[in-house]
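One chain, chain A, links the two complexes that follow: it is found with chain B in the first and with chain C in the second.
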Partner chain A sequence: MPNQQAYSMASILDSCKRSTDFVTTPLSTGKESFSFSYYKTLIDVEGLGHLLHALQTAAQTEEIGDLRGLLAHVPMDGLETDPDPERVREQIFKGCLLVYRDSDPEGPCALIPVPAKKGLRSSNETDMEFSVVGPKIGFIEDLDTNIHLLRAQLNTPDLVLKEILVGSISRSRVALMYIDGVANEENVAKMEKRLRAIDFDVVFDTSQLDQIISDNSRTPFPLFTTTERRDRVVYALITGQVAVISEGSPYFITGPSTLFDFFLSPEDYFLPWILGSFFRMIRIFGVIFSLFASSFYVALMTYHYEVIPKELLGRLIYSRENVPFAPFLEALFLEITVEFLREAGARLPSRIGQSLGIVGGIILGQAAVEASLTSNILIIIVSLSALTSFVTPIYKMSNAIRFLRFPIILLAAVWGSLGIAIAVCFLLVHLSRLRSLGYPYTVPFFPVRVKDMKDSLIRPSYAVTGTRPSYLKPRSRIRYKPEAERKSNDFDEE
Partner chain B sequence: MRGRRNTVRRVAALGLLTLAAGGCGSSQIVDRIALVQTAGYDRAEGHIVTSLQVGEYTDKDKTKIKLLESDSTNSFDMMPQLNLETNKPIEYGQMKMMLFGRSYAEHGIGDVLKILSRDVKVQSRCLLAVSETTALEAMRATSNTDDTLFLMNMIWQNTKTANLKGQNLQQILYGYHGTGSDIFLPYITINKQHRAQLGGVALFKDDRVVAVAREAEVLYLKLLSERSREGSLLVKLRASGGSQPYLLLRVLSSHPKFKLVSAGPVPSIRIRVAMTVMIKSISETVKIENEAEAKRLERVIKRYVETGMSDFIAKCQGLRVDPIGFGDFVRTHRRGWDSVAFYEAYPSMKTEVRVSVKLLQSGIID
Partner chain C sequence: MDSPKSDKFTLSPIHLFFLLYVSLVGAGLMDFQRYVSASSGQDGWIAVLAASLFVVLMIWMMYGILSRQAPPGANLVDVNRRYFGKAIGAALNVCFVVYFLWGAFVTLRFYLQVIEVWIFPEMNQWPLVICIFALLYYTVSGGIQTVAGICFWGTLSIFLFVLPQCLPVLPYLHPHNMTPVLDHSAAELFDSTRLMARQFLGCLVLMAVFPYIKEGGRSSKWSYGAAGAAAFIYILMLLLALMYFSPQQLKETVWPTLSVVSIIHVPLMQRLEYVVLNMWLLKMVSNISVGLWAACHSLKQQLRIRPRISLAGALIGFLILFYLVDDPGDTRRIISLYMKTGEYLVFAYIPIVFVISRFSGKTGTSQVGK
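Moving on, here comes the complex of A and B:
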């Protein structure tokens, strides 16, 4: 991204005009015509209306020949006349109008501050993706507010917004956003083409678009990251991804995504890297446990009693004593019970949900063991794997993982550990065939991209993550220069 | 439309095949089988008594031990015979201990070893041992322990922390099938309190028990055949008037080194054992107050161990058994090694044992 180059007014206007929310309103005073340029998602449109109305009335009674005359009628403080282009570039993102004469865009101009629109509603904390450390700003159902929230953090004209109308009946506004000079145009063009090709009646939510434009609909895995967190979208944009949101939806989808994007949480980057890496590995281990724990129980108890450690043998057999079902049915019964609990609890208000948890978790579990319908060791395994299926920060991924448990349990019941091995093979082949916006889903592990592995299983320190992942083919590779920072720290700090 | 019907057919075929293939696998649900943990073979009046310890896990904290026995004419139909007595099918994939009564072992355990080398279901963790009484009695002696693997755990902890040399099933089978060494198995005796205990090591010639190595010999066998970091030794010191002084040593590390001086016709081998030991306890009459006395004690220990080891080797030579594996050692050092000729000359083989003892003087407990 060009940071230190000299700007001219024309270049600033040109770069801003790439976004569809940068608009120019003309005002004619008879003798001269002026232009007011601004990001409509960053200012209070109502306040602007009042201002323009006042200027219009003034123009009817009095002749306004130049910019100075016009500004005399602006009833606001803090006007800046003839700011330098650098100042213009900065202030235009803080909610200022840029005024200039149509006849001479390079000539004198002025900045008029209009009270910035407040993007925060009374409560826009994240509902689904909570975090302890870091900002809790989430998106809401209003598209303009969402774009305002993004622009408030990414103060650059290179953040480009393209609006597309989708839905033959709803005609919903869908915003496609990317950072020009970072995201590869090919990805942007691909995403735009897919969005424009959509033929659908009513768009309720971005997640519908997600399914319509996804590369492969025959998969339980989400192929685009869905998020309601601002920091997540901003992070995706600065690494070179493309973000899409539809009107009326609090969720952005970002892509191209890889499997590992679903295991990273913004908190990884807010905590010290050692802790961030540890938590990330806990998450990955949790998902593997969740996928295979119950099926291993079924396989061991049904076919491979030989490999049970002798210390565990007595406990396992005792816990299953008098259970009338085969381990498969036992596990299936419990897994489905957990799914019932989740499905019933998902739509209940949180207070009733709590009592449901008590009824389901404690009473049902206890009674099932006492009636010797299941073994209590299996209850521990199933509840642990239900718990660990929620460790992925993205809800759609935890759904996929919970669904995948069932075929694996079935295979384990039929073929034992061989069945589990077959399931792993199927899973790996399937994952390696998936594409997200045309990019392999399992990168950087398949195909192998050693340089990009540094921020996958672990989250290394900021000193080594200065580059963007190469598999996204970003226009500029460097995100920041950690060396420059280190040099300045040497001696002159005292 | 056609393509979709094909997909449906394909999925249905896959499902049916899965179910069909699933029917072929035999499931052994762990609580619906009787798990053999310890098995025993005895010989009584021409027929063979086999016995099994099966765990019954009906109590939360305790394991009930069920002892099954049956008579047979051979060593092969143990499982089917005993299966006639149980309400659950007998499975021996968890069998971790096999015990041979002395009278059985004196007639040869070859049949069982042949079964073990063929059967993949028997774990390599499975331990073998010889019992002084019948195997059945030894098992009965452990029946109040709530542990179906009491004997196995007993042997295991003794190899881990004490004087016994550990061997897994593969090593035993190697010793049996190979020509350069003889097998030896832990020897279980019943003490006066009617408890099973480790009484030594049974030495085998081919597949028959010929002698038992006891007490310090067990440790010497371990020290001569492997690097070890565990073991304890009671040294009898020369009495200087009054009572007999004792010295209890702990072996911290020991490293045997063989050197082939000449290969034959009568082989000669020099054995060096470097030991680091620590005094665990010592009779009060023995004084180690300065360096010279410690050096003197080192020499005493050295002489004691050297004599013990030489005597043990001589005993093995006299019995024509080779548990230490001198044959394998010579074979790795001379081309064209001939087992018949070697063991022909084995009783007259010359060995020279040199032990170097380093006494660590930390933490002497009185």
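Moving on, here comes the complex of A and C:
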């Protein structure tokens, strides 16, 4: 662990007492007097009052001579007697009371956990990953609540939780969760090793850990799935992935992830499989459209007029006859405007964001066409591709897609559709090189795993998805047995 | 020689299909119809079929050679050293390295020539060449897995983009162009077969990538599958061209495949060859990077040169060659030289080694030869 240094009890107490919210409450039992030291801002004072009251009453009826006697009256589990100073320093920030005898602060002491004060939001509806069908339970900024939410759905002792402290200053608890007997131990060990190797000061969010432990930091693509949805994490766990969350973050990361994990939404599984598959294909098509639509426009308008049939070419030329810019600048100008709108909208409260959308989207667009700064066909293409970049359920992936549009537009402006082909090649090579927790990113397409392809482009019926994907090397392949009775009958036969 | 490859670098047998398919179907797909039909006319498809069968035979022989080696030595470089001795083996290996590089260069040169003539006649090619070289470096330096990855996408792109385009061409075909069947002499057919077989010179790549395939011995069905798929694409393209053009037209058409594609129009697009030719880059990049990878890998085994260095060296060499080989005449000459040399270096070499390995005492573990 980083920043390890020897503490003594006295030095800890001294250093804590520099803060005015570190207080000491005395408790006299007649024979002996004890001190309870704690951060009053970290502790639920009401709970503490109950505890002290109970001890006071106990002291009146019975003589309490030493610390052990006192602790016998504390109606709580998880008491630690004689913890080492390092442990005290840690636990005092996690909502524990430190008890010691007044006469001997250096002597025996104990840690009593009391309910921690929680100033957290009470609503845990999903904000970012919304779905129409299905549960809307999302995680919040409290680690214990998040773990509670997971355990409430996965009622099995096989759901294993490992806690790791990360951050030399924040000492944040980071929870590593997996299902024993499903997840491959190698993946768990690899993730744990990477988490333990982290040297960082303050962990604000799981997504920071995501970047620190990712296999390759020189990529716009997210290599672990980041999600705030409980159903998504549970689904990842039951397929054999490993989930990690840090204290204070409402986001889990799960891995090893593949590119296609980012295009599937839990909703696919709540709708009938035909609809789920249809929506998933719409999503994938939307992403491809979003990546290439405006660059295709630039390529065609700059170099390959021949490709456009003359009926359409007439419309196109008419729409941009007064536009004074090259198609590249025109497209770049509009794409950047859309990015401005998105970035401004993301920083504003939702009500102002709405009016911003109207001002930006409708008024600006209309005015830009009327002022002949851009062609209205390009406006259609750019706003469609902005729209389609948001069809990915995971925000980080839509960021990556929107970012990638710019180099593609640039290449299209330089070499037309050959430039787009170069971009496609670079993209595919890059994707083939990526690894998530050591596993290829584009599996099951490359490397080809024919058996795992069934739940990728389409979401097939539950009757055929009884096995876990093999690329995760799960400890047991069988997830569930599909209805055994179902027979393929001819009509009119029993 | 090499230690057993870890899971991270090996490929499951199915990937051999993509690697081999990409090596078999190269830039020649654009203009082979002209050569094949030159002497055998409408019977050219028989020549393609015969050439494909010949390649299947070659693949069978390569498996025969490879199965007689101890697993770590089952590759081109070690086979040469085993059967031809240290000095001659090394010389042969260097020959093959040069040959792989040459093949990669020829493909690139040919493709860019088409681009230059068909799409960008006025363009300064250098920025484009440098950009493509960066792409090639990025691909090959990712190792066999990345090369196989791009081969996968390259193969997929052919089947996704090219096959559907055959449908709109159908109304323009003249099936009677195909008659009379079997109207040519055996010598004419042999000529065509020989020209066609030259398209398949890339099959030697199998010997270089073989150690990276898991359960290599059982991968043969994928290799034959690749040969079959290649034959299918070639025959399809040949039939389209034969039925679309009159024999005289076909003689005059430089790139028949592109000319056929150019008449297709779909609701939002026409002149699709602009798009097809550009998307062909994916296929070309995969073909070239397989050759580059095989060259760099063999060089590492033979001379212990680090692949990154030899890769960079090869690309710089390509740049210089690009400067030297500039006009279409030169390109045609180096291509035909490449193909003529290839006949000896590949199609004579494989049977010879096959025979040697059959009767040689120096077998590996499997002892099949005795």
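Just so we're on the same page, the second predicted complex is superposed on the first by the 360 of 494 C-alpha atoms of A that agree within 3 Å, B and C clash if a C-alpha of one lies under 4 Å from a C-alpha of the other, contacts with A are read in each partner's own complex, and residues count from 1 in each chain.
Keep in mind that, in the parts below, a residue touches a chain if its C-beta (ideal position, glycine included) is under 8 Å from a C-beta of that chain, and two chains touch if they have at least 3 such contacts.
Every value quoted in this text rests on a predicted model; they were computed, and no experiment measured them.
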Chain B versus chain C as contact partner of A:450, first or second or both or neither: second
Chain B versus chain C as contact partner of A:317, first or second or both or neither: first
First, second, both or neither for A:432, with chain B first and chain C second: second
Partner chain(s) touched by A:206 [first = chain B, second = chain C, both, neither]: neither
Partner chain(s) touched by A:294 [first = chain B, second = chain C, both, neither]: neither
First, second, both or neither for A:126, with chain B first and chain C second: neither
Touched partner set for A:29, first chain B, second chain C, both or neither: neither
Dominant contact partner of chain A by residue count, chain C or chain B: C
Touched partner set for A:440, first chain B, second chain C, both or neither: second
Contacts of A:306 with chain B and chain C, given as first, second, both or neither: both
Touching both chain B and chain C, residues of chain A: 303, 306, 308, 414-416
Footprint of chain B on chain A - complex, ascending: 300-303, 305-306, 308, 310, 313-314, 316-318, 320-321, 323, 326-327, 411, 413-416
Residue ranges of chain C in contact with chain A within the complex: 8, 11-12, 14-15, 115, 119-120, 127-128, 131-132, 135, 138-139, 142, 145-146, 148-150, 152-153, 265, 267-272, 274-275, 278-282, 285
Chain A residues within the chain C interface of the complex: 303-304, 306-309, 312, 414-418, 420-422, 424-426, 428-433, 438, 440, 442, 445-448, 450
Interface residues, chain B side, partner chain A - complex: 18-19, 21-22, 25, 27-31, 33, 35, 37, 55, 57-60, 63, 91, 93-94, 96, 121, 123, 149
